[in-house]
Structures are given as C-alpha cells and as structure tokens.
Amino acid sequence: MAPRIGLKSLEKRRTLIDGVRSNLHVLAIGVKYFVNPRRMTLVYPKEYPRLSEGYRGFIILEKKKCISCAACARICPSAAMKMIRVMEPDPKHPEKPRMKQYPVINYQRCIFCGYCVDVCPTEALYHVNYHDVVYDNLAEMFWDLDTFQKEPEYKTALEGRPVRIMVHEELGLIKVPVGEGG
Amino acid sequence: MSGAELVEGPRDYEATLKAARARAESALREAGISFSVEEGKGFVDLVVDVDSIVKAAEALKNAGFTHVVSVTAVDYPKKKSIKVAYHVTSYLDPEIVGGIVGLAVYLPREAPEMPSLSGVWVSAEFMEREVYEFFGVTFKGHPDLRPLLLIPELAEKRPLRKDFVVREESIYEGVPERVRRG
Amino acid sequence: MSGEVRVYGGWRDDLGLKVIPTRRLARDVYEVFIGPQHPGSGHMRIIIRVDGDVIVEADPDIGYVHRTMEKLGEIRGWIKPIPLFERMAIHDACNITLPYVRAVEKLMGVEAPLRAKYLRVLLCEINRIAAHLYGFAIFGVFLGHSTMYMWAMGDREVFIQLAEELTGARLTHSYPIPGGVRRDIPQGFPDMARRAVKYMRKRLEEYRKIFLDNPVIRSRLEDVGVIPKRLAAELGIVGPNARGSGIQYDVRIIEPYEVYDELDFEVPVYTEGDALARTYVRVEEIRQSLRIIEQVVEWLEKKPREPIVDESIYKKYPPLHKKILESQGRAKLLPWMATMKVPAGRAIGRGETGRGEIIYYVESDGGMNPYRVRIVTPSARNAIAFKYALPGHRVMDLPAIYGSLDYFPPEADR
Amino acid sequence: MSLAEVAAAIIGWPPVWQVLVIGFLGSLVIAVLAVWFERKAAARVQRRLGPYWASPRLGGLLHLIADMVRYAFQYPIIPRTVDLIPFLAAPIAGMVIALLPLAVVPFTSNPAYWPLPPSAMEYSLLIALAIVTLPPIFIIAAGWASNNPFAVIGGVREAFIIVAYELIAILGFLGAAASTGTFNLVAIVEAQGGIMWLAILNPLAFLAAFIAIVMSTSAFPFEIPESEPEVVAGPFTEYSGLLYALNMGGAYMRRFALSIILALTFLGGWYPLVPGEGLLMGYILPSVVVVVKAVIVVLAISFLRAVYGRYRLDQALDLAWKILLPMALAGIALGLFEASIGLT
C-alpha cells in the first residue's frame, strides 16, 4: 500500500479500420445521449436547490448571545464584519444605559468563508442555508444591526419549487423534489 | 540514466534534502566559492557573494540541479539589503530529485543589481522579471527585462518592498452613518 | 532584411537549449495578438508572430488578473490569507491552500491529527478531479468539442456537490486551518462519495469514446506541442505537463505529505511529451484520485471520530466547542487565531495541485503577520512553456497546446 | 392583365418562385428549424435543456427569431479601417448567390413546372454546381475587406478549404451523373425510381459529396475558417448586427441549397411521390418531398456539431486530398461500372 510511479505509453496510431470504428463509436455515443439525454439541468428559478444544513449561506446574529468580543470582526478576511457601538439599557440597572459593541456585516464584501461563525465563542452567529438574495442597491447590502438579526426573505422560494440534489450512481446528479419545509 | 534508477515509490524528503545539500555544498567547494548556510524548514539557503554567483550557478547546474522553482526575493530594510534566493532543484537526478537548495545573495537596497542567471537556468527568466518589477533588482544580461505581471507605472513603485505600505482597515472603520447609528 | 537566424521550434536536442529572446525578428512576419479579450486566451495575451501559418515566436504576456496575493499575504495575519490564496485557483481550493497551511504548521510546530490528514487528502482529491474536469472542459472548447465542455462541467458538478456536503461551500472551502480542518464528514457522506466514484468511472469510459479516441481530437493532439524530457526539466514545468514528458515527479511521492504515503495509488507518467500524453496523464490521474477517495472514505468510515484539530488547540477548547465538534463535526476556531504570532523562521510548504507543484516560501519574524509569502503556482511555472512549445507549430495548434498545458491565468498571475 | 396578375405571374414563374419562396422563405423557416435542432440536439447529447426561455411551450423553437430580432436592432459597427463597399456587399451578395442554385434545379418531373427550358435542363446539374462554387468568393472578400488579422487569416483558410472541397463536391456529384449517364437532374431522379437511390448504389460518391457539403458550409468538424479559439469569427470578425446575421444566414442557405442538390442526385428526389398533373400534384407536393429530404440532410449535418471537434486546417486538407478525392474518383468509376452493366 504505497504510491508509486507508473510508466505508461500511448497506444500507437491505428489503422484506417480503427479510425472508422472509433468514428462509429463517436456517433453511437452521440445518438445514445440524443435518444436518452439524462439531463442534469436545474431549471432555476422554477426549481431551486434545497441546500444541506451545513451550507455556508447568509450569516445571522443572535444578539442576546453576543458578548461583544469582536473576534468575528478580527478574523474576517475580507473586512466585511465591523463593530459598532450602541447605547442600550443595562438589564441589571434599567435606568442607566450602557455602551455595548455589536457586529454588523457588509455583504458587498462577505465571501462566506464562515470564519466568524466558527470563531464566535458563544455561537451567536449562524448560517442560513441559502444565499441567492437580490438587492436593489449596494448600500442595502451593508446590514445594520436590526437587519443582521433577521433572516432575509428568501424570494426564490416564493415562485420556485425546492429540489434536493443527490449524487446518483448512473445519472450523476439527480433532483428529488422536496415538500414545503421538507 | 535507466528507468530503474528513477523514482518509484514514496521517498523520505529529509534524506533527499540532505543529499541535495551535500551535493550543492561540494559543488560550490569544488568551484572554490565560499558560502555561508542559512537553514530553513524544508530547504537550505547557500549564501554566496554577488561576484561569484554565475560561477556558483554553473557549478550547481553541472551538479544536476536542472531548474529553478522560485526566485525568492525578501526585502530587509533594517539590514539595508535585499536577499535574492534562487531555489533550485532537480527533475532528472534520482538522488536529489525535489530537494530544494537556495543559492542566495544579499544585494544593497539602493540600486540592487546582479547578473542574470537565466542564461544558466532558462526557467529563471520569467521569475527574474517578477523580482525586477516587484523589488527593482536589475538583472544584467537578462534577455528581456521588463515587468511581467504589473504595468510599468506600477512596477516603478516596487510594490513588494517593505516601504510600500498597504494599510488594513480597522474593525471600526468604514461603517456608513446609517448603520453606525444602530 | 536582417541577418537574424529565424528559430523555428524552440528546441532541438542537437542544438542545445538557448534562451529565445523576444522582439528581435524580421519585419515581414505577421503579428497576431491572441488575447486578452479573445475567446481562446483567457485572461492573458499571447503575442504570436506567424510566418505563413507557422508560429515563429510566441511571447506570453501574463498579468491581467494579478491580485497582489504576495503583498496582501504580508498584512493580514496568519489565518486570513487562506481564503485569499484559494482565489488563485478557485476550483482547486484545498490543494492550493494546503501547502501554505503546512508551511505555517511547520513554523508553529503543530501537526494535524491523523483524521484531519485524511480529511485533507479527501478534499484535495475531490478538488483534483474537479480541476482536471475543468481543464477538460476548457480543452474541449478550444478544440471545438462543445460536448466535452458540457459533460466535463456537468460531471464536475458532482464533485462540487461532494465538496459542498463536506465543507459547506461549493468552491471556496477554506477547509484546512493550521492544526487541522474545519469540518468532519457529514452523515451519509461515504455512500455519496462511493456513488460519485462509480459514476465517474463509467463516465471516463464515455469520455474516452467521445473525446480521447475521437479521430478528430486524436489527430489534433498527436505529436503536437512536443516537450521532450530534457526541455521539460530545464523549463521546470510542473504537474501533468512534466509527467506527460516523462518526468517522474510528483510532490505526493517526492515529499509525501499528509497521508499520501499510506495510500495505494499510482502516479501516471507518459513519455511521449505531446498534447495527447498530457491529456492522458490527466485522465489517469482522475482514475487514481477516484481510488484514493475510495480508500480515504473507507478509512474515515471505519475509524472512530476523533478531534480534527491539533492537541494543542483542542485542549484549549471550552466545553461548548467540544460539544459542537462532537454533535455537528464542526471544529471551531479560537479567538486568538485571528491575531496569533508565529515563531520566527522560514519554511517552504509545497503540494501537488491539480496543475502541478505549488510552492509557498513563508518567512516569519515572530510577528502577527507573515514577513514574506512567496507563492510560485504551477501555472506561473508553466507559462514559460508557451514560449518554447509554440514556435514551429501552426496557428491552429495554439488552442490545442494551450488547452493541453491546462494553463489557468488567475493562478499564474496570483 | 392587372398588376396583381403580373405580380402573380412573376412570382409563379418557377425560377423566381423557387429562389424566393422555396429558397428564401423556405430557408428562413428551415434555418429556424435547423438552428433550433442544432442547439437542441447538441443540448440533448450534452445533457442539458438547450433553448427554452424564448418560448417554453414550444421548447425554445422561437429562439432564433428572438436572436434575429436582436441582430436586426443591434447597431452595426463598421470600423473606419474597412474597405467599405466590398465590406457591405460581400454578405449580401454571398447570401443571394447562395440561393441561386435553386433557380435551376427541378422539383418535379412535370415539364410545365421546370425552372429552365427542357433544352437547358439537360445540363441542370452542371449549372447548379457552377453556381454553387460562387459564394465562397464573397466570404474571402468579406475577410479581406475587413482589414483585420483574424479576418484575413480566416479568409485565407476559406480559400484553402474551397480548393479542397470544390473538386470533391463536383466529382462526387458527377458520380451520380456517371451512374445515370446524364447531367439532367430530372433524368437522374427518374433513373433512381422508388428505391434504387444512388446513395445505396454509389455510396462512395454519396459520402464524398456529403462530406464536401459539410466542408463547404463550415460545419463541424470542418468549422475551420470561423474557428473561434484562434481567429475569433474568422472572416466575420468585424461584422456586427444584421450584417453578421446575413453572413451566418448565408452559410445556412448554402447548406440548404447543396442539400437539395444532394437530395435530388442521391436520395431519390421526389420519389416515392410520382408527380402528376396540376399545380398541387405536379409541383407543390413533389417539392415538399424534396425539401423534407434536404432538411433531413441539413439536420444530420447539424448533429455532427454535438459529437465532433474541429480538424486542423492541414488535416482537413489531407483528408480531402488523400481520402476523399480518391473516394470521389472511385465513385465515378463505380458509377461507370454500374452503368455499363446496366444496373441503373
């Protein structure tokens, strides 16, 4: 059980008969797929893939878990995650507002590497399993703190039909329709 | 050389590196070139004088080092020098195949100049052009010394020298007013 | 006209190798700019000078997608460059970042646990197949074979799907981190991988029929763009291109990293050195990668789960992190990683990507940022092959040679 | 005689009718069909959907019409450096002349609907072949007038290809003439009768002629002058908008015209239908049969795109001169032999 070098050489140039035969092979395989195409196409957005739970899509903040450590902003490779300071009431002393910092995210820059989610010590950030969301303008893509706490509306789901993409032994990829919420 | 001598199975890189280093050192000694050794993890640099580098390169080439894998330049502003290392290795010699040995010189930071080794190792040609544009090292005798990746105006700035500073944004910067208000 | 000797063909064994200088030929040759906005060039330009239909001289002019990787690598700490570097060859993301991670590991003195090594190899081989299929797709388009393009791109999707299940991202996995990997295999992954392997084996047979044995394609590739063994060694070309020329070199064998020395596979070497041989090397490599995936998946399935990060990192994990690693198979990062310091030193990390050997020279001065990251990508080393392989061929051979070298501009330009 | 009658008489005159209606309108419809089929067939082989969104219910059939509308409204950019008159004239003339062979081929055995007088009909095959050789000149002219390296290289390639395929096409079709001993297309069709198609009797000449058609219309695997990876769009690199569409349409029309000649000479023409009296039985139905056969040939050529790559120029020429030319000559010999033993 060890890797090794395998010296090989090409088959020699063949005769005319071989040429005719391989031409026939070519045509036969073309006709084979012409008759039975075994398509892989996903007719997006009529159908859209329901991605797996571990998919690294949009990142959402659960604010009450956040401990303001700024680790997410520090590890962000594309400087998409930023910290802002907000005044908010202190649960212990409701009369005295306190200064706290929270992350906000700029989806113009985010590369969905998921470092922030993985670095968060309290799991205050999580991924949703979609990322095909459209914006009217770039400014909107800089989420403020409120937007960061809500999962964005998944408009594709309104008009499309979800399918789950599976690996198939004969056909490569197949689409299996899933019911709503399934 | 026959096929049996060549690489067949997995190899011990440390042994290869040791052999390559011994080969290179003896080649330089035979050529009567003095050198000092700088250790690294996975390679070794042999530092020679700029006047003897062509002779050293020829000696290494004759010792079986077929090609350059990297012309690595590092800027040391504190030492006022730029180190240019030709990391070379061999494809054809089974004893030292893959072992990386560096042939390095220290050049003054002001007007660094050294003879081109692309006459010895053809594979250095494009990499020398790269060092030229990023560090401003002039290679005398290079067949075609012009910037490779950059446009000439940008190459004038010698972007990989340490005095070309690229500043990273802090984690509080770049948040628009709308978002900062929370 | 001028008394210059015209050089037809970059190399003949009896002439010995000499540097071909550019920009010095006679004026009566026709100059054609292939690229950068050109269907057959990608983001690069090849300035060819043709005499009749024969290329006299080729001057690869690269750099159109240079993204200052080396400079940015110096300012972003040690872990942030990983997602950056994978953008050099986005469909080969794990292969191209792993050597950097290994170089950093060498400097830090940490080592990934065995399970993480297997996981790295798994993703590397998935990436290798995807990268080769991508190469085939582009090659197909170059030769006017649109079916090859669509098939290879479609089948690549299978392996992207595998990678997505494993890492959570289609292409930019950012999977290896110093000391381990980020995720363990999800439920049902081994079966999925086995199905994909079976499927791909069948498809390779069909590829052979419609593409490799297609008389049209065969005649386009045979004896075209021959790079003899000695020239290959002198030019220092890497990967399948070198192995197509009979160079017995593969980093997985020369410096077996991760667990490659424990796996059973073959590194195909063809001696012909023409475009067809380079293509066959890739086909064989896909086959061998499928074998590796099978072995790795079996190992991962059989062996009990263990932490997928280095002991030194794992023992600093708070209970929450350990719970997540056990329940979701997700290895959390620790906050200090963003600003960690790496002991001073110099290391070279290398690995075999789909296109060949990649080398990272990483130097640390003990600070929070790398002092220098020098990256030599396989395509950057293969670029010089254009200069020597093209002359002497017909203009119509240009796409065949370009495609067979599997040159990928974003990777070369860094 | 009213104006309408005059117009009807002009259009009803077989040469005009054949060029304008069967040729131009017919080939427009057929181009829509053929392009759709080409895309759809390639898509099926390539495991994808192909044209779809332009008309989902028709399976994307109207995609080419959408394309043509786009071409029609695209701003045609004419570079300053071109030679203006040839640049503009070449695509138009090329397309018109591509259809001209249809003015001389018969679609029926009923002499009332022949486009040529019976005496000229004796040489109809030769006349058709003579006209067929004209359009490539305009492709070369287009390339030359464009004054662009890619266009010039494309034009030169076209010139090489012409020399190779023209001879083979003519010799291939002459194989049919040799078999039947006449240049009269009507007589050739009649000689084939119901099932004695020359494609079966003389497969060598048929194959040579078929491949020559593939070559002449730059279909795969001989799409060399317009080979995208090296020469962008070959002679048509500088064309845009409607002019580009004319160029592309010209190639389809030439393919269609040549396929009609092939259908007549090798595929039994209007048989199994025997033309009778009257407009319907004597002319329209037989011509529909011929056109259907030609369309099948066009579609078969389109299918090749899905499975073949592109030959190199010198390899295509090699194939033409070393294999197809002897094959076409052998086809003539076979035809003469068959004629001498009275097989046809």
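Each chain gets a letter, A, B, C and D, in the order it is written, and its residues are counted from 1.
FYI, a contact is a pair of C-beta atoms (placed from the backbone, for glycine too) under 8 Å apart; a residue touches a chain by one contact, two chains touch by 3 or more.
None of these values were measured; they are calculated from a predicted model.
Among the chains present, the centre nearest to the common Cα mean is that of C.
With centres computed as the average of Cα coordinates, no chain lies farther from subunit A than D.
More contacting C-beta pairs link the chains of A-C than the other of the two pairs A-B and A-C.
Remark: subunit A and subunit B have CA centroids separated by 39 Å (rounded to whole angstrom). Subunit B and subunit D have centres, each the mean of its CA atoms, that are 61 Å apart. Centre to centre, using the average C-alpha position, subunit A and subunit C are separated by 23 Å. Rounded to whole angstrom, the centroid-to-centroid distance between subunit A and subunit D, based on C-alpha atoms, equals 49 Å. Residue positions 45-48, 306-308 of subunit D are each in touch with at least two other chains.
Looking at subunit B, residues 6-7, 9-10, 168 sit in touch with two or more other chains. Within subunit C, residues 76, 147, 154, 210, 214, 248, 252-253, 256, 260-261 each touch two or more of the remaining chains. This structure has the following touching chain pairs: A-B, A-C, A-D, B-C, C-D. Residues 41, 43-49, 52, 303, 306-308 of subunit D touch subunit A in their complex. Within the complex, the subunit B residues that touch subunit C are 6-7, 9-11, 13, 16, 38, 40-43, 66-70, 72-75, 87, 90-92, 97-98, 100, 118-119, 121-123, 125-127, 134, 143-144, 147-150, 159-160, 164, 166-168.
Listing the residues of subunit D that touch subunit C in their complex gives 42, 45-48, 149-150, 153, 220-221, 223-224, 227-232, 305-315.
Within the complex, the subunit C residues that touch subunit A are 76, 79-84, 147, 154-155, 157-158, 161-162, 164-165, 167-169, 172, 174, 182-183, 186, 192, 195-196, 198-199, 202-203, 206, 209-210, 213-215, 218, 222, 248, 250, 252-253, 256, 260-272, 276-277, 280, 284, 318, 320-321, 324, 328, 330-335, 337-339. By the touch criterion stated above, subunit B contacts subunit A in their complex at residues 3, 6-10, 168-169, 171-176, 178-182.
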